[in-house]
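Here chain A shows up in two complexes: once beside chain B, once beside chain C.
Entry: the complex of A and B
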């Protein structure tokens, strides 16, 4: 059923492949991830290779993206956090470009699949845990014991802090995935209203007039979705910075 | 008959799950309302707090999205 709002997220095999019993087919998901990486890496390399002292328009965009993430990271994690700049910048650009790709008609939304966003979130959290223990040793556990808490409350607070730390990868991935999924479904549902109102035999001409309303709404929703696409990439980046800050300065 | 009852339960459950979005709506409204009243008192400090506003918005909105997700799962996946 083509009008089913959920079928746009189907993963199809483009090049069926199997290695040692595992299905490693090249799917449309893989195709759009490749396109995302190729476009963002190609653009950044191409526009900054000239290294003009006075940047042109294309170079300005790359430099603005760099400055944007660099400031974000420096503000939330300090100068020491700048060693994680490549990680945060790659995550931001990948999610941003993948979200914008998803907004094109007939394109596949990579970030509307929880396995993709969960992999990205686990990358962040495992970086935090590994770097946190490597840098602070067992002092990293001070993260779970905020200073200035009365002794009686410590077990309770530790429990809450541990639970909130464990739910981080889940909330980080579900936020991005659910936003993209819900947004695309809403868009599809509203454009479906246009088709069914305009195509209704009973309504005749009035159907076409009534169809204007959901059509206008769909346009407004598209604009909102572009905002959400940027916002979710930004939120993912800012949360990554905050979690990295925990690894660098564990005692709050 | 059993199918009809299951479908009815699914749709009722999906509708009830969507009630959770009301809470997120209250939260987002409080967030922007308080930001606006603060920003009107001290407009020069407003721009510097934009990042925090967006962060709070995303964290609050995510909870509404979670309940929408439950509704979608009930309709399409269960």
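Entry: the complex of A and C
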């Protein structure tokens, strides 16, 4: 594998395919998305198939994931938001597992590509917009008119509120993508220092001593990256819940 | 003691109606219990990594607002040929939206009262402070 920090994000065609002039090859990105879905779905189905009244260790993990998201959704969107539980839970588990997959050496990080995270964010925002209009009709537009604003300022405030709403898919996707990308690049750079220093013939044994410092950093960064991997999935889920809440209760 | 003796017999010839009645009762009980528990937990402790999670949120909210504002302004200029005024105007508006985004994420501006609405209570008084992101 190449030593530069960027090549780990290369998308390679594994099974070249073309449909109607479009490139629909099965890439390493597609492979890891498939693995992510297969692992998370397989795990959840396997561990909950026993339906033990007293859960074992594996079943406990599934139940904790359920409880975690269910509480999150109930707290931020109320009981009515629970109809979106499948969406939020799938998003959370997909991102979490994809992020953790990315932490394995030689594995591809699906969520470090903005097109993936943007697609996920657009899924959330279009759900919010479509459900918001379907449930509230034009009342959904009240989302953009805060209460208690003097009449003169309303057009300006509405414009700002609309821009703020439009920036949501961008901030949602950029946050996840940037964190994963930056984290993996930093990790690669620091581990690259270890190899370069230890391998430098000019430095001799001092190279090995000097390599200790970036090595320690790399270990610490790995721990941080695991935290970030969970945290980003959590942030994505909680923001999804809050945006869904807007669709359910748009009145200001 | 007599009650306890009678119970096993009852259960052996339990009807579907009786079963669903009991299920409903249990459901209602669990629902009430859960409400109390969620409420209590919310007061006691926020979800674990709230601080760092919030830091991640704030950083991108701002950039996204400005970028979207600038992008829309650029698009308008491109369509209407009003360069550079659309971009100037919308960049400033985007900046305002970005500041709003950040203040909201930080919980300094009440999103609106509905964020405080829990369960099926429809509206809460406007005077309540925003406690959402604590």
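Methods note: the second predicted complex is superposed on the first by the 251 of 252 C-alpha atoms of A that agree within 3 Å, B and C clash if a C-alpha of one lies under 4 Å from a C-alpha of the other, contacts with A are read in each partner's own complex, and residues count from 1 in each chain.
Criterion: a contact is a pair of C-beta atoms (placed from the backbone, for glycine too) under 8 Å apart; a residue touches a chain by one contact, two chains touch by 3 or more.
Computed from a predicted model, the values in this text were never measured in an experiment.
**Student:** Sharing chain A, do chain B and chain C clash or fit in the superposition?
**Tutor:** On the shared chain A, the partners clash.
**Student:** Quick check for you: in the superposed arrangement, does A:171 touch first (chain B), second (chain C), both or neither?
**Tutor:** In the superposition, A:171 touches chain B and chain C alike.
**Student:** Is A:238 touching anything from chain B or chain C once the two structures are fitted on A? First, second, both or neither.
**Tutor:** Once the two structures are laid over each other on A, A:238 reaches both partners.
**Student:** Between chain B and chain C, whom does A:6 touch in the aligned arrangement: first, second, both, or neither?
**Tutor:** Only chain B; A:6 stays clear of chain C.
**Student:** Give one of first, second, both or neither to describe whether A:34 is in contact with chain B, with chain C, with both, or with none.
**Tutor:** It touches nothing on chain B or chain C.
**Student:** By residue count, is chain A touched more by chain B or by chain C?
**Tutor:** After superposition, C is the partner touching more of chain A.
**Student:** Regarding the shared-chain residue A:227, is it in contact with chain B (first), chain C (second), both, or neither?
**Tutor:** Once the two structures are laid over each other on A, A:227 reaches chain C alone.
**Student:** Using the touch definition from the top, say if A:181 reaches chain B (first), chain C (second), both or neither.
**Tutor:** In the superposition, A:181 contacts chain B only.
**Student:** One more residue to check, A:196. First (chain B), second (chain C), both or neither?
**Tutor:** Neither partner.
**Student:** In the overlay, one of 3-11, 21-29, 57-65 or 93-101 from chain C clashes with chain B and the rest don't. Which one?
**Tutor:** The superposed arrangement places chain C into chain B at 57-65.
**Student:** Across the two complexes, find the residues of chain A that touch chain B and also touch chain C.
**Tutor:** Dual-contact residues (chain A): 72, 171, 174-175, 178-179, 231-232, 234-235, 238-239.
**Student:** Which of the residues in chain A end up touching chain B in this complex?
**Tutor:** Within the complex, chain A touches chain B at residues 6, 72, 171, 174-175, 178-179, 181-182, 185, 231-232, 234-235, 238-239.
**Student:** Can you list the chain C residues touching chain A in their complex?
**Tutor:** 38, 41-42, 47, 49, 52-53, 56-57, 59-61, 63-65, 67-69, 72, 90, 93-94, 96-98, 100-101, 104, 112-115, 117-120, 123, 126, 132
**Student:** For chain A, which residues count as touching chain C in their complex?
**Tutor:** Chain A residues touching chain C: 71-72, 74-76, 78-80, 146-148, 159-161, 163-164, 166-168, 170-171, 174-175, 178-179, 227, 230-232, 234-235, 238-239, 242, 245-246, 249-252.
**Student:** Spell out the residues on chain B that touch chain A in their complex, using ranges where they run on.
**Tutor:** Per the stated touch rule, the residues are 51, 54-55, 57-59, 61-62, 65-66, 68-69, 72, 76.
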